[in-house]
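Right, one structure below, let's go through it.
Naming follows writing order (A, B, C, D and E), and every chain is counted from residue 1.
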Amino acid sequence: MKFGIYPGCSLTGSARDYNESVFAIAEAFGLEFTQIPDWNCCGATAAHNLNKELSLALPARILALAEKNGLEEIIVPCAACYSRLVVTQHELKKDPELKNRICEVIEMDYRGTSVILNVIEWIDKYIIPKLEEKIVKPFNHKVACYYGCLLVRPDKILNYDRAEDPQTLDIVMSKIGAAPVDYPFKTECCGAGLSISRTDIVSKLSGKIIEDAEHRGAEAIIVACPMCHSNLDMRRPDINKYWKAKYKIPVIFVTQAIGLAIGLPAEKVGLKRHFVEVKIS
Amino acid sequence: MARIGVFVCHCGENISATVDCGKVAETIGNLKHVAYSTEYKYMCSDPGQTLIKDAIKEHNLTGVVVSACSPRMHEPTFRKACAEGGLNPFLCEMANLREHCSWVHEKNELTTEKAIDIVRTQVEKVKLNSALQPIKVPVTKTAMVIGGGIAGIQSALDIANTGHKVIMIERSPSIGGHMSQLSETFPTLDCSQCILTPRMVEVAQHPNITLYTYAEVESVEGFIGNFKVKVRKKAKSLDEKACTGCGLCTTKCPQKKIPNEFEQGMGMRPAIYVPFPQAVPNRPVIDRENCTYYIKGKCKICEIVCPTKAIRFDQPDEILELEIGAIVVATGFDIKHADFFPEYGHGRYKDIIDGLQFERLASASGPTAGVIKRPSDGEIPKNIVFIACAGSRDPAKGIAYCSKICCMYTAKHAMLYKHKVHEGKAHVFYMDIRSGGKNYDEFVRRAIEEDHVNYIRGRVSTVFERDGKLIVKGVDTLLGAQQVEIVADMVVLATAGVASSGAEDLAQKLHVSYDSHKFFAEAHPKLKPVETNTAGIFLAGACQNPKDIPDAVSQASGAAVKVAALFSQSELTREPLVAIVNRTSPPTYSTCVGCFMCQSVCPYQAIEREEFKARDGKVVKTVAKINEGLCQGCGTCVALCRSKSIDLLGYSNTQVYAEVVALLNEY
Amino acid sequence: METIRKLIRKQSLEKLYNNLAANRKVYAPVIAADKKAEYKYNPGFADVTFDHIRSTLSVKNIVFPKVENLFFYENSKTESTITDIDLDKIPEVVLWGAHPCDNAAFDTLRSIFCWDTKDEFFSRRLEKLTVIGLGCHSSDEYCFCTSVGLSPSSSRGSDILLTKLQTGDYQAEILTAKGNEIVSSFPDLFEPLTDEKVDITEVKQKFSHKQVTEKLAGAFEHEFWIANSLRCIGCGACAYVCPTCACFDIQDETKGKNGKRYRSWDSCGFGLFTLHTSGHNPRHVQSQRWRQRIMHKFSYMPDRNESLGCVGCGRCSSGCPVDMNIAEQLEALQNI
Amino acid sequence: MDNLILRAKELLENKTVQVVIGYEAGPTGVVRPAFISDPANADSLIYDERCVQNLAVYLTKPEVKHLGRIAIVSSLPVMRSIMMLISEQQISYDEIVVLGISADGVLLDIADLSVMQGYIDKSDLSNPVKYKELLAELKKLTPAEKFEYWQKELSKCIKCYACRQACPMCYCTRCTVEVNQPQWISVQSNAHGNMEWHILRAMHLAGRCISCGECGRACPVGIPCHLLTMHLTDQVYNYFKVYAGTSEKMNSVMSTYEPNDKESFIV
Amino acid sequence: MSDFEPKIVAFVCNWCTYAGADLTGTSRIKYASNVKIIRFPCTGRIDFMLLLKAFSNGADGIIVSGCHPNDCHYTSGNFHAKRRWIMFKELMDFMGIDMSRITFSWVSAAEGARWAEVVNTTVTRIRELGPYVSYKELVNKSVEEEVKNG
């Protein structure tokens, strides 16, 4: 089975750890990816605030390229990219006239036939069925599953997990032996939109997320979004400074956790690249 | 030979200002079969009507066309005038010269020409009208009330007190409904049970009322005045006549861990039980799903201890077939389970409860004897948060409508809490306070001003537990949308009121329409709020939409009056504008070929089967037959019928065809 | 008049046709898109066929159109005014190249329409008709003219009968004054006939119509009718393609003050045909209607009109969607 | 074919049925319906690609019903017609035995209604391929060309009603055209009267036509009137996603509705 | 064609559009006088043949109007009518009969102004289309003519 993969800007930059873990577990499960050739920026978060057609044309081009290359299913590990692609597909399906306009803009034929999967959907569909036999080292830790804002929203379009109190990540984690804690901050804002401009707000908001996870005895925060990860991991010194605290809880991608559970070495799944040291294995 | 009279009205100047009425009358007078044609200033006035009556006699008219205003305005007036003049009222038609012509066009020749066309069309139609007689339908003077809550009780008592028989059906073991669960009632804070229980007893004792509890409607056939209702009396596993209601069985039953429905799951009950002490009838039933005997085949302790040997383990369900003249639907409402709002934590955290659960906590006869104790540890909450609109007015996640009663009962809950826990703090998150009603707003003001309930205008985003406390995160929109976080000991959700479970199923059995929320639909939102679109079936209480007690009771009385009015005659009279399937001589019997596609289009189940039998009793032909009592005259079957075997009186095929021809051709 | 035989050469036929078509309506057979023959007014000579066996529809519509207005009326408040059809406006028509069966049918129709009261519409149309028939040089399994007293070379009903000669030229039998008039208008085109052999098809006799008529007299209640009409679906195709079926329905159509009365073809195969206002129908099932059709043509008409109601063209059988083959049935009837 | 003959004989011999309706070759070689009551005559039954007439038309005919229980040779269109006739309460399955024939001419074992249902369910129910092409071509015409095409075709009509009589679904004992109070359809077979008749017929078969093409085949003057009903069959599927004659409990498309039926022309 | 006054017949239901047209009158909203109304109890009652009859009697345009979906006085008559019109329109389009001469609309008892708008837009459209010549010719094609032409 060959999937298309859309890496977006993070996976090849600040979230190389995420990228490595996705490829590592795919390989372990005999799954292959084809990167969408000549892919472009998905337009998150800037485009849809400025120009609606542009915000649709950018993802539409990506999807059209996928169609052109015969990629029926595309995995989009970044939650922000995922959201843009799915919303675009929805908007263009709803309005054929708009679709025609966008096709003219991108000078390509777009039909909207590709299936777009986020990382959890992909895990659910292709990893979970074969997971049990591969687990060599169950991830026996208490974890706080943090979904962030884009993975499950807007729920009217995604229609795959409930927007408030989502469950899918918790289910995946429990399948590899983890014990998810009751965690009310699952979808609280990490401040991603202000990641660059107002780091103080990021520190404030992300700090609350980290504090509650530690308070509930979680040994790791599990994420599936590079933005979440960078705010909770990379910004940790700022957060600790802001809150005058010493939060040590590591932030782990779900794909990294799966990698560990099936016995992949920490380096292979990018765990050595984190700012907050990951001591658990 | 037809002799038609045409009466052109000026309507003061309303018509004559733009239409040349004289020319209309004259032109129409030249038509074949028009025996008399005249104009007059006000046809609807007494002299105008006398003109018609006299002309009918003088010119021996066989049909009348009054060319005036809309038939929706004055058709009854002129039909009555014709009847008084000795002409069958259905031989009178109206040509709408005012609303459809003079008021909407300028004064010119085309307008007068249009007026002539309109009148001529009615002349051609009325030639084909037939003298119709009103339809008479017999009435069975027994009413059925479905549902034994306060609305059903009120309706049943009111009907019974007019001297008519009432059969009341209640699906749970006791009547009383949600009102019997309530602690106190707004805006008076009087005890709900104290005012309800006497009514329940009255129902049980009323000579005109027959009560079937633990019973449900199985099927409904027939039509107004003549319903045939099958009722399933579920087996109570008890000989009700032998049982004295001593209650020994319920105390000795070894199975005691069944969540008590009456207590909203906040207490337990045995497998043989009386739902609550004041239940009517005060007789137990065995809950077969949870009874050890039915599950494992042995126990029978209740049978052993019963002093009157009233237990009947092998009792079957019983089907009653009842003849009913009118039905009052009073099946009430349910509350929406809060699991669609996972962020509010209902079901996950024990101390987050819904409004009905709070009623039981606050009730003197409830599981805590009226002391407000939180379910998790029995502690008295010091800080309590009430969340209004938990699901109501929320099209995205809940329901779009306002549940109407929540604002008031939330105020009541907060007050009851403050009255019982003086040192406690009560907070209410609300969107708007809807307290329209006699003494309602004063009641809410009292909660705020006298009992110092903290009202916060804003919604709650999430409720979660941390260190044994409930953290309620919300917003205060009156303080510049500031985020608010309250650390509470208990949270009460004012969950939306929704249609009673099984409402859709019942509506389909009754052939009554229901809205998208499964609430029963009234025939007209303003002028027929008590009627349904099925004649003879009426609505009372919260089965139509969430209602408070006084609204439910007044509507129940309204429904009772409708039933009483229906029962005041031995026969019903209806306008005879109904569909009819033709009949011919044997061996054809009818041109209907019996495909019964009409049956599937009829919204009123008015199409029946009629079998024709040969002398040897063998059925030789089955054709459609219209039940005049049920048919409302929409004519959808008429347009569908391929063999043109159905026709609609008043709008017959020949009539509408003649109208088309008359409107478009020269005469 | 006495029959005169002449020769008309193939190339002269074209001249005759073109001369006639120049100032008259000529109704002649052509091969339509569906490969079947149909009659048209004044087709080009090149399109006219001399080889068809039978057209789908007969040619009776010249004298008995499928719809014919009888009169128009106008109603006023007090009276109705009737406007008659101007029968003088009926055009002269030459029927060209029709086969003997079809031409004989005009005789049969006359025996119906002019049986007692003369039908003005029919007889005026017939008066204006000149028939230039064509003997058959081909036939098929449906043909049975020889069983009903006709033959591929019968001249009944024709004014001139053309018959193909083995040389490819045609013999013209001039049978009536009308025929003679045409011949004398174009004397150059006709030559004396030398004794040449005609090219005429042979049609096998399938039954004896006399015997059928005799059998039918006592066969009204015979089980034959039900057994042999089970597959009949009760359409009117047989009657409408038949050259001798003459039943019609009369209707008024009024729109406002104006209206007209007309007649249109009808068929005894329809259930409605004999339906009484009361709802009673003396022929309420198809077997009775099928019996009526046979009886009418082979028993009642010989009885009353002294004419057989069938010319053996075979259209009813070839056009029947369920192969109700009349010749086969008559053959069987003869032996019951 | 041998199987069919054996089965027919068996049914007649053991008196399961009183008559078998099938196909035979007439004396001129034309294939036509056969009504076999005597097992000895069953040998004349044939089944090949020439056997196209929809025999279900006979199931509602009084003389045929009178014969007793019927076994009927049934290709897919006949089976669908039978479904329709049952759903419209014209016949009962108990009155008949279905001698189903598969698309490749093999005798099917239709033991009961559910087996027939199963066979229909797995069959292609859309219009036959040869008509699909014709329909597609016609749809390409401009409105004026369509009008001209149909006027030319319909003016040939002689109102013999063979299209109606050949159709199993036109079982009414009185047709709308036979009503003269009012005169819905002019009895004249002229361009206008003919068009009204064919519109009426097609509309009355909307959602009921099972695409056998019998109406067009029966037409003595060759009007392709089956394209009208088949076009509507396509449209019924387009709009409502159903095909006629697929269940004995089915309500016709025209006698039911869904509140969200989609259209684009009502303002 | 400037003095062409089209003849338009409106088939409307009693409970919504007829009442809506009454409201147009009560509100004194003016509209073109070419449209004449025939009242039916319900759109479900309107036989498709009546539309053909209107054309054959000389109508140049037709309006069919009833209650909005879900508002039918008889619950479902308009839904059945809707299906009927869907099929009718498909058939007419297939036969090349001009469906732009028929306006199908939902006009409620409260939409007096809307009724005037429906009438006026229909009249304007039919004026542009001109008289329905092809249908009238079809009807007038006399029987005589047919016989003459074979």
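Criterion: a contact is a pair of C-beta atoms (placed from the backbone, for glycine too) under 8 Å apart; a residue touches a chain by one contact, two chains touch by 3 or more.
Model, not experiment: these values are computed from the prediction.
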Hey, what chains does subunit A share as contacts with subunit C? B
Hey, if subunit B just vanished and nothing shifted, what pieces would we be looking at? A | C, D, E
With centres defined as the mean of Cα atoms, the chain at greatest distance from subunit E is chain A
The chain pair with the larger count of contacting C-beta pairs, comparing B-D against B-E, is B-E
Identity of the chain that, by mean CA position, is farthest from subunit C: A
Quick one: subunit B and subunit E, Cα centre-to-centre, how many Å? 36
Whole-Å distance, subunit D centre to subunit E centre, using C-alpha means? 33
Separation of mean Cα positions, subunit B and subunit A [Å, integer]: 51
Between subunit A and subunit D, tell me the centre distance in angstrom, where each centre is the average of that chain's C-alpha atoms. 58
Interface hub residues of subunit C, defined as touching at least two other chains: 67, 255, 262, 284
Subunit E, residues touching no fewer than two other chains: 48, 53, 57, 76, 80, 84, 143, 146
Any chance you could list the residues of subunit B touching two or more other chains? 588, 601, 640, 653, 657, 661, 665
Which residues, counting only subunit B, touch subunit D once they are in their complex? 588, 591, 593-598, 600-601, 622, 640, 642-645, 653-654, 657-658
Subunit B residues touching subunit C in their complex are 30-32, 34, 584-588, 661-662, 665-667
Using the touch definition up top, name the residues of subunit E that touch subunit D in the complex. 48-49, 52-53, 56, 69-70, 76, 79-80, 82-99, 103-106, 118, 134, 138-139, 141, 143, 146
Help me check something: in the complex, which residues belonging to subunit B touch subunit E? 70-73, 96, 98-101, 103-106, 110-111, 114, 117-118, 121, 513, 533, 577, 601, 603-604, 632-636, 638-640, 648, 650-651, 653, 656-657, 659-661, 663-665
Help me check something: in the complex, which residues belonging to subunit D touch subunit B? 88-90, 171-176, 179, 181-182, 184, 204, 251-252, 254-256
